[in-house]
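Each chain gets a letter, A, B, C and D, in the order it is written, and its residues are counted from 1.
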């Protein structure tokens, strides 16, 4: 049995609002600030007095809503929205969220960020009992569980469904008379509650959306929590007590926007601290620090301040890199690489450069950047990575490459250093990263999920269990086909 | 008489290549790195053994060539390309370059960066003699002058035409058997020559394109020069000896990419020096430096190093700001502003911030950024601008707002400071800017055009003369309608 | 309770093929000849060795498959296709067929022409048992019934499902190893079997598709029949013996293409006979016969031959009438009407014209054509209709307007004559129509469904029963909201 | 020297209006009724108080104006429009009309139906004097001639230009304060004047447009005439007295809509008379008459009435034949042919069929239709053509195939009969055609141009002279490359 889970794994962004006359428009602006979490597709579902309307399509938010009338039709004072991560080949509109489920007796909308780890077995069991799925997304499972629950109350059905799915999830449901947000028992994915000046409640994957729509942060949704928002206000409930915070550490390292605050920690500040700590652990002589734009600029800044080395703009990112349809021919391939990033010769020439990056996945990009710096005249290139070695896949919502592709799953630090052509290679230690982020010193791993670094998954692996065990036995051949970044 | 010159003024990018089997593809990559110089439209014209083919359209380069076959049809070993600045309302495909002129006896292509100052009178005279223009661009004028010249040789006709047009221009012509680059007698616009490993010659508005296509810089085109490139190599000639370098200082301040080198000066380095000098001239107490991304990050870095104040990422630019079709309603307008830029509260809260920006045009953007910083908790906001006060329009190719809109043409520094809501406002001195850029200490203004700052234009103003004189008389009411940024 | 059945009623076309290397392309050509049966959307699902692929979209077939690669991806030696009737407003891609149902253990495709009359109650019951529908089409019901059947064999499940749905249906199912065609117990909709020269089996709503793809007619599918086609050939089975042919008479009157043959009767020939019979029943003096193009030209030809009056081209149809997005302003509305049809003054001037049309629904079109003829100079306009008065809605797959809109449900022949401004109005008698079509003289109504004319529906009305009874009580106010033509 | 005149030859439609508040919308409806004259592109230019605005694009009218706002922007009380014939490969928007010429001192619009025969030499001479052409259309020549004329008055310049161009032309010019229509000295192309109820004047290639917009025919424009329409009314003038009516006979045979009236003769009536005369000249036994839809239905009707043979609908044209992007594979090519036309077996089986068509160009289509009829069971197929043998090209605006492709230029009637597989082949005699159309019995050829039939061109051939003489010498090898139908 091969696991074709390619379209199940996804990093996405969700947003919801209750109580604003331009609910869909506010959602549009909220999603715009979450665009970095997903570029494959986007959608908004609005609630106009209990009647739900939805519009969705593939592409960036601005492409999906290029016709303003498509947004204007989404009338009503409540709405939820979703941006979806780009995975190659399966850009079917069927998988674009929010989903909209309609029945003779009710209707509801559903948006989901995360990845279930018992999706395959749940789906198989549901199908054996007559269920028909209309997408290849695991998000639909929750809807089937809700509709098939024998619990007499709708809230009871929803809690029962939430207790049945396993893995990482941040859900927003739009019912006819209320909006519901729910988080998995480990809080793998971020989800925050805010409030606008007019009293409207908003829910968002990241707090950066609150800035954009003019809302104030109220509090983060907690593991195992279910938040009910209706015209009477916000109510916090839970569907389980068996919780333990293990927020994805990669949100701090790479995914989230630097101006977001997750569990009380500003992402830029965390990255800067990781850069400072990395500088402490770094043991080489150098002249300047160069961050790989844009995600590593914060870490480079911290590294520079701690080390005293000047922080220079030795690498320039072209602002117009999104989606070109022209592929360089074989002869021009090396040039094509330089479309995204250029090294500034007048800065790096003759210098011993510390190149700060957030992570190394397959190593190919790092190798090219090292080469760019050398061609621009760098005397030495010391690579410093603001996180530990990536050795294990993630099952809770990030689409880390399968182990066969993870360079650190198959090579030692020295080997990687040689492969990428660097003069030295330094990873931030796991302890260093946990301390630098510093959410909660009392919790295991400081409240973080660090399984991609140490292989210790905070939950059973359900459908992935067998593969994982196999992977321990034959390390480098560990292979989950088609697990894409997401 | 009103001057409707809206589509004549343009800041653009040009690229040309001679002697490469994938000439059009190389041009595509070259233009990609010049995309920041123009986003309204793009085009490429190729030369296949003397037969020219062209494809152009409105939009970003990647949108214009979204169908790879459109590029594949541009066969041949030579090509020229153009990216055009976005001016509102006149996005007619007729104005997208390169132009392609076909005759029974010959054909040629033409790409132009700059603005002529005798275009109105030349066009009127040509029309009086039967000429028909097919676009509202002033670029077409050169073609009419060439075709109507009575000089017996084609090179003679071209030189005669180049001597007739006045103002700022960097032209690339593609003839059947050669490619020609030419610069105005003041060299207002940048233009450089490079060479690829296979011997192919390239010409580009900025050297950043050389990095992308793997070419080495050879030398910059000089004022009044005409460069002929054919299968026998490159030949430098001139059409006038009455030259004086006056390269546009705004290229260093704002337009050019930081990794480009213009007349021997790296743009990032120049900006950093402007930031250093600005720090020397700055006379206030502060805690941190925050650059306005992306164009002011170099200056902020220089300011930080010179002042010793930490350089912090207090403003975050959303990467996905290009063209949204959804306009915020009146109630959401303030939120809409934040789609592009966010202030990071955890960084600026309680701090006295030096906000470094490259220039102030109308003041509205500055006022909003100051407000963002204050709302995020900044204790004080001191605005430091890496260039002098913008008081005069440009007639050579930058689309600076007309004087009625230029805030510094109508207000003192203290008034501007109050309007934008800053605690203090410091502009870099003109001397400081000239010294910081430092091209050529012997030339007037160090080889720079600084007319937008001091009103001393390096050439007669021709069609604009009357307006300019009027402007000296009634300063604040100086008004050239529709002179757009470009 | 209002019946919002707008997207349930549909007149469509289906096509299937088994055993041809270019199965999808043959299906494309087959559907092309069925385009008159549906212009809202189209789709093709192919079977490549048991793996199904599907492409569908809104619009005409040629618009859906404007990118040839979308068709080329539909590999395999079997395929089914569908063209969908245009109903305003609900052009959601979700309702475009064929449907493609995927499960962990199997997959199948489904295309449907017709309308179920117990869809509302079946859907409600399925939803009560946890079913989730992904479209508003009633076609999906069959899939749920199949998946939920407890019959041990797949064929048993399918027969059970076919026995559960009521109304008019011609289904084609594509399973992994066979293709299945099935018809309702009254055979309301046409469906024929053919064979290509290479032995491939084809199934089509109309035989005109056989001409286009080069297939020979084998036989029509019979009421209550289930036809199984696989690599071993074609097998005829049935899921019920309680059958009685009642093929929709409007197929002969209006829908089907004149070159199709249904139950042994050529459509053009039937229309011509209806025209002859109409001429016999017509009792006025006239000079010329003018058919309303294109559907009434056959009837006009028959009328002319029987009456001896010359058949003239007094009305010209513009060939380019499809979809204009420009709506005439109030002042130009009368002109806009003439975009589709023009009267030829030199033909009708001074003549007593018999205007032959196939049917009158709301009367507005007839009134305008009469007016056109009068403005062109016709001395008298006698309207002759090739079918009886349309008084009742259809529940089996044609989207006849609701009773409130049917002019003949609310007005006598004399009243209608006055409303449309004719000098006389003659309808073909019911007996005349039945005899002219002449399928089977022994069957009730000669094997035809004529319920729209006499209100005697061949089946119970299930979900529509209550409304129908109510309609008998208060005749003119009978109202099923949103029952569109289809 | 090869003549690449492919984009010069065009059959098109023009429309103009002066004095209506919705001038552009009326023009849209007028052009819609002229769509059969050109499907490559369309455009409208409006005049709002002396300011001209234009919108044009490739495609059908409804595609060009699919965004209603593009039409709404064309404000003003006067407008001209154009539909352009589809020629393969050169669908550049540059050639789509009306052209819009803008100068500092004036602007004007220009629409053209026809073909100049001294275009190549005029264009060469203009270019030698510095003219730059922006399209490959010969229409632009008139604008250059007007602008270069030394005549002191604008009307004088226009008359001088009209006297300089030679060949076939119907022009409509939109000036700032008037609209001008002009016809060549032979009146090769039709052009009529009408008036709307509100007094607005309209000009159209065909009178069918008057029906659509609710205008009454006033009179046809005469050879050599120039019609000036402004707020004071309509004024008839002429630029030459050397005129002789020679209206294109193919307008009656094939191009024009049957409801149009040209020089007093209704097109449908003319075709019917041609059919009657053809029946008189036909000398074979037969059972039924079948016209090839749609253009030959009138002729078939006349043939039937004269011969007494029944007129049957033995060939059905698919209404949805416009532009499919899917090309049949080699194996399916024969099927693909049947997408457009089907034979009705129940009508033709066992019958001796007279297949009436309007003309034979290359013979390939005729051969396929004969084959369709035979496969449907026709006992004999006698082909009767409603015009004489097409032996010579047209230089005045129809794009008849070059002589190498014209089957009758290279084969006798008997040979053609054999090639197309008919049992007999009858062409209408030239005398028969001239008498049947019957415009003016006193004029040469009854006022018709019949040069494609007899090779006697009514004018010198100018740029084509040499080729034509050569063609007389080596008849079958006469070859003008790329002269497309148009």
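Note that a contact is a pair of C-beta atoms (placed from the backbone, for glycine too) under 8 Å apart; a residue touches a chain by one contact, two chains touch by 3 or more.
From a predicted model like this one, the values you see are computed outputs, not experimental measurements.
Chemist: Which chains are in contact with both chain B and chain D?
Modeler: none
Chemist: From chain A, count the fewest steps through touching chains until chain D is reached.
Modeler: The fewest touching-chain steps linking chain A to chain D number 2.
Chemist: Just grab the chain with the largest centre-to-centre distance to chain A, centres being mean Cα coordinates.
Modeler: So the chain farthest away from chain A turns out to be D.
Chemist: Between chain C and chain D, what's the gap in Å when you average each chain's C-alpha atoms?
Modeler: Computed value for the inter-centroid distance: 38 Å.
Chemist: Mind checking the centre-to-centre distance between chain B and chain C? Centres are C-alpha means, answer in whole Å.
Modeler: That gives a centre separation of 62 Å.
Chemist: So how far apart, in whole Å, are chain A and chain C when each is placed at the average of its C-alpha atoms?
Modeler: Here the centre of chain C sits 50 Å away from the centre of chain A.
Chemist: Pairwise, which chains touch?
Modeler: A-B, A-C, B-D, C-D
Chemist: If we count contacts the way the header does, which residues on chain A are in touch with chain C in the complex?
Modeler: Residue positions touching the partner: 93, 101-105, 123-124, 127, 129-134, 136, 140, 143-144, 147-148.
Chemist: Which positions of chain D touch chain C when the two form their complex?
Modeler: Spelled out, the residues of chain D in touch with chain C are 21-22, 25-26, 28-29, 32-33, 35-36, 39, 60-62, 65-68, 71, 208, 211-214, 257-259, 261, 266, 268-269, 294, 297-298, 301, 305, 310-313, 316, 318-320, 322-329, 331-332, 334-336, 338-339, 342-347.
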